[in-house]
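The two complexes that follow have chain A in common; it is paired with chain B in the first and with chain C in the second.
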Partner chain A sequence: MVTLSIAKQTLEDMLRRKILLILLIVAVAMIALGPSPGFLSPRESSAVLRSLGLAVILLAGLLITVLTGIQVIPTEIERRTVYTVLSKPVQRYEFVLGKFLGGLFTVFVMIASMGIVFLGVLRYQEGRFAPEMVQGVVMTFFQMTLLGALAIFFSTFATPVVNFFLSFGLFIVGNMSAVTESLLQNKNVATRVIAGAVHYAIPNFGNFNIQNKLIHPQVVIKDMNVFIMQNIAYALIYSAVLLLLAILVFDRREV
Partner chain B sequence: MAAAVSIQGLTKTYLDVWSKTEIRAVDNLVLDVEEGEVFGFLGRNGAGKTTTIKMLLGLIFPTVGSATVLGKPIGDIGAKSQVSYLPEEAYFYEGMTGWDAMDFYARLFRIGEPKRSERIRKCLQDVFLEEQAWRRPIRGYSKGMRQRIGIAQALINDPKLLFLDEPTSGLDPIAHAELREIIVNVGRQGKTVFLSSHQLPDVELTCSRVAIIHRGRLLTLGRTQELTAGDMVEITFSGGDAGLVEKVKAVAGACEAKNGAARAPRVTPKDVNAIVDLVRGAKASVLSVVPHRRTLEEVFVDTVMKAGAN
Partner chain C sequence: MQASTRRNLILAIVPLLALAALLQARIDPTVADMNKGRKTPFAGLSTEFILGPLLGMQQAVAGLLWVRADEFFHEGDYDAILPMVRMVTWLDPHNLDVYITGAWHLAYNFTDSSERSDRRYIPAAQKLLEEGDANNSGVYDIAFELGWQNTDKIKDYLRANHWYKICAEKRKGMDERGELTQPVPMFVRHQLAHSYARLGRIDEAVAEWRKALLMSNELVRKDPKDYKSRNVRDSERHNLELTLKRKFSRYTHEIDWELDSELKQKDARGIDPVTGEPKLRDVYVFRKDSEIQTKREQYRLAGEVAPSMAIGQPRPPAIASKWETAFDVRPTFTADKVLELKGRFNIGDGARVTIRMHDEGWRPPQLDAFTFDLDQSVTLMQDQHSVRQGTWGRKIDMSKDPKMYSFKAPHYFLVFEFDPRTTSPFIHDRFGWSGEGMKDAKYLWEETEKDPPNRIIRKVYRISRAQVLRRSPITEADVFPTAQYMELQKPAKASASE
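Take a look at the complex of A and B:
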């Protein structure tokens, strides 16, 4: 009950932030205006819309997740609202989990809103519902879940500015998992060690990018559903570990 | 009577990164606050009052020492459910309405419906927050309204022990008087109040005992009545000849006549009888013999000055 109350308060607080609403409006506008170019054939226009829609959801989701993740705990400490919360019978783990869930609900609301508009525009453009695109949106959400947990972990000890660069930096490096994976076969031992450390220690964000497979029929994944479930499990387990670390750090933090 | 708060050698040090020196915010503090008393915790800015309260609430951790709150170690969740805190500035989620903020804090105490709504209504009424303000966002509240909602949230769990950190600072005289009345009422209900304040007349009026700390160290601890009890007596009299005033002055050190009456403002107890005899012997009338009380402000200033003001 306490964790959910904190999560609800966090969601309401974040939804009042103008910057997040502006991001959502811009993203929705970009998706809605996607089919506009009149010089494209219907097939080309559809491919553009699919690429654009998923890319916009990813980019807006990324910004919303990082802005939310880096703020939810430091803002409480900076505004000193944390005093009236942690002086009550609230365990510190409940606070961290509540803040994470509140941020996650915010990201969910934002991505779901963009996803619904995207699927609606696509339905209008193609004249049929495209269920496979839901998979892309779901994967983006779980990618953001993992990123949000990473940002929350950093927020327990780093300033928002440092956290912003750390989270963004690791997201970019984590998206290059294909590169680091290929470097694991390198002849140079040092390169292999470094690539291995980066590949296994940094969250593998690249595996969540299934846009190519969804947009280009020639790219085939053997069993898409299993692949998606594996990545969701990966996101949940990795997020749980990051939250556990965040709780351990925050438990010793003075506010 | 059991101790609501028992502090045993509580010390908090910080390291000044630039000068590499250790700063002692609280230094080997030892004191007990009894159940049911309104206790004043006094000190200059930076004396360590807020640091002490934050340690007792588990917001920061002692470097050395220990304390119990309602018989439980610092941070105990069971104890926290019977404790409340009003920080120096009442910080709230600005977008929330007064009612929603109260609802949120009540949920943190795991108070279920319908009791939650009843408690919220009662607490908001107890702090005299106008009903039309209940559904308005807190960002539109005045300083006084914020303090009221701050106290209301501190009362939401019907606590046994309240920590109030400067609850009346920055308020206009009416709001100040009303909030002081609320604190007095809380004390009358038998709750323990740990009041940190610079408003010494308020403390004198509301607190049965006070502690004065300076640079983190306890300087004085005692009953307010005893601390403010003076060791001088003021005697006023009328009548008698001009020589009487001079005779009294010779004994008391000071005596002045004005508008047909004379006043010896600072007479030591051992000289009282001698002066009364002098006055009566001169066929004059003793109008009053009043023990001179010191204000808490005088006690505070004297204590801190003796310890070294800087």
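Take a look at the complex of A and C:
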């Protein structure tokens, strides 16, 4: 209950932030402008529209998640409101979880808004509802869930600037999972070991990229639903690990 | 937090991480499958485009690059498009249109100042399509393009047939909702049938039309109001009947096409679509003495003895009297690198003679992988010219395009050929699909390795660079044995620069 109260307060606080709203407005405008390169063939046009729409949702979601994740805990410490909260019967883990959930709700609201506009634009442009694109939006949300947990973990011990670069950097490395996976077959043992460590220890954000399948229907995935469920489970388990680490670090932190 | 709780939390992290790693191992094969053909996120990209792929937005960057490539195309900046095609296919190996458009661009749009294609790009175009097909082997689109390029541009009907067969038998189509469908669109089967006809394998062409007709009949039966399928079915009926009639007319008994249309008006049944044989009442026989005289004249002109012919007897087919084509050509360089040709060819207006000139050491390369890096020192020119009133001629100016015709090699082959399989139906009516009704005292070459054998006309010169630059004339002493030339032209494993 306490956790949810903190989450609700965090959500309200975040939705008041102009920077996030500006990001949302810009993203929605970009999605709406997607059909503008209309000189391409229908198939190419559809591919460009779909890829750009999903990319805008990803990019805006990424910025919103990182900006939210790096701020929610340090701001409370900077404003010293954390003293008031923690002096009440509130456990530190409840505080961390509440902040994470608040940030996650914010990201959900933003991504859902962009997703609805995106589906509307697709409906207008292609003349039919494209339910498969919901999968792309859902995958982006769980990708951001994992990134949000990472940012919350870093925010328990790093400054927002350091946290921004750490989260962003790890997101880039995690997106190269296809590269690290291919290095697992390298002839050099040292390369294989390092690639293995990176591949299995660092959150693999590249897993969530199913744009290939959504943009090009001819790409066949054996069982799409299983693949999506595996990724959701991966995001939830890895986020749980990061939140446990965040709780452990924040528990010992002097505030 | 109590120490024991803390310890328990730390202990909980270990199995969770193990579980995440296990899941990752399960996810990896699907991701690898989905990314088949994709290169590293930053492969070949300029700095402004690198960030997108690093953030997992390969497809979006590929889409933007493709939009830019389209702008370059409309600006006429063709050279700028090729690297973009390469980047887009690396970033997004499932974008079918990029492979198809890129290969079309390579094969057709690089030309000299007289609009002759730079055929040195054709192996690269084929390789790009093959790469695209390997990355998208579930759908027919790129394999069909391979078939079409081999039909239209390269005239290699055997390879075209190979790809059309793959399309028709192993691939799927895609409907407007993106659902994979089978059978593939019927035009794929139509092209397969046409390719059999081009190979002279008429029975297989007929069988393919029949198969297509059966399938279309089934589609029409399921949805009688599907007018698209009905139109397709009607075209198939027409093509089946036409192929059967042509086969009959060219190889069994000549058909009087005017009489045939009269018969059709009276009785729509015409030729039996199952056997391909005309019914008794429709047998095309000599009805007047003047028809026999015309036929005798045909034999006389061909220098052959006419068989016995009488009113009421079936007419012998056109190819029965082999026609001397008397092919020849005199090539002259009238200015440096300007080739003027004067030829004769007794074959009929509209037949086209192919003219090819290339380095002595050049042969059709077989690339290991796609590359658009060309060896600019190779000279390869190909053109065609139509025969009019038994003669043909052309002026080919290669002096204005040194990038295409560098003439750096010491010797060249200058080849003139007529392949009946590439020609029009009205020429086939006289000579058959494989040149069966054609003879030539000097330059007939029988491709016996083909099934059925093909009879083509080919004259080859081996000339020197000095002759190209008019230091000495081209004479009949420069004529090169066709058999030796064909031996030299057998494709060899080669690099792109060969």
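Some points to look at:
In this text, the second predicted complex is superposed on the first by the 251 of 255 C-alpha atoms of A that agree within 3 Å, B and C clash if a C-alpha of one lies under 4 Å from a C-alpha of the other, contacts with A are read in each partner's own complex, and residues count from 1 in each chain.
Keep in mind that, in the parts below, contacts are C-beta pairs under 8 Å (C-beta built on N, C-alpha and C of every residue); 3 or more make two chains touch, one makes a residue touch a chain.
Just so you know, these numbers come straight off a predicted model, no measurement behind them.
Model built by superposing both complexes on chain A: chain B and chain C fit together without a clash. With both structures placed on the common chain, the touch criterion links A:R43 to chain C but leaves chain B unconnected.
Comparing chain B with chain C, more residues of chain A are touched by C. Of the two partner chains placed by superposition, only chain B is touched by A:E12; chain C is not. Looking at the shared chain after the overlay, A:N231 reaches chain C, while chain B stays out of its contact range.
Within the superposed three-chain model, A:S155 lies out of touch with both chain B and chain C [touch as defined at top]. Using the contact criterion defined above for the overlaid structures, shared-chain residue A:T68 touches neither chain B nor chain C, since it reaches no partner.
By the document's definition of touching, of the two partners only chain B reaches A:E254; chain C does not. After the chain A superposition, the centres of chain B and chain C are separated by 170° when viewed from the C-alpha centre of chain A, nearest 10. Of the two partner chains placed by the overlay, neither chain B nor chain C lies in contact with A:S167.
Of the two partner chains, chain B is the only one that A:T84 touches; chain C does not reach it. Our summary of the superposed model lists a minimum C-alpha distance of 10 Å between chain B and chain C.
Listed in rising order, the residues of chain A touching chain C in the complex are 37, 39-41, 43-44, 47-48, 51-52, 54-56, 58-59, 62, 92-93, 128, 132, 171-172, 175-179, 181-182, 199-201, 204-213, 215-222, 227, 230-231, 233-234, 237-238, 240-241, 244-245, 247-248, 251.
Chain contact summary for the complex, chain C toward chain A: residues 1, 6, 9-10, 12-13, 16-17, 19-21, 23-28, 30-35, 38, 40-41, 52, 54-64, 66-67, 70, 92, 94-97, 136, 138-139, 141, 172, 174, 177-180.
By the touch criterion stated above, chain A contacts chain B in their complex at residues 1-2, 5-6, 9, 12-13, 16, 79-91, 252, 254-255.
Of all the residues in chain B, the ones that touch chain A in their complex are 54, 57-61, 77-78, 80-81, 83-85, 87, 89-93, 95-96, 104-105, 107-110, 153, 157, 163.
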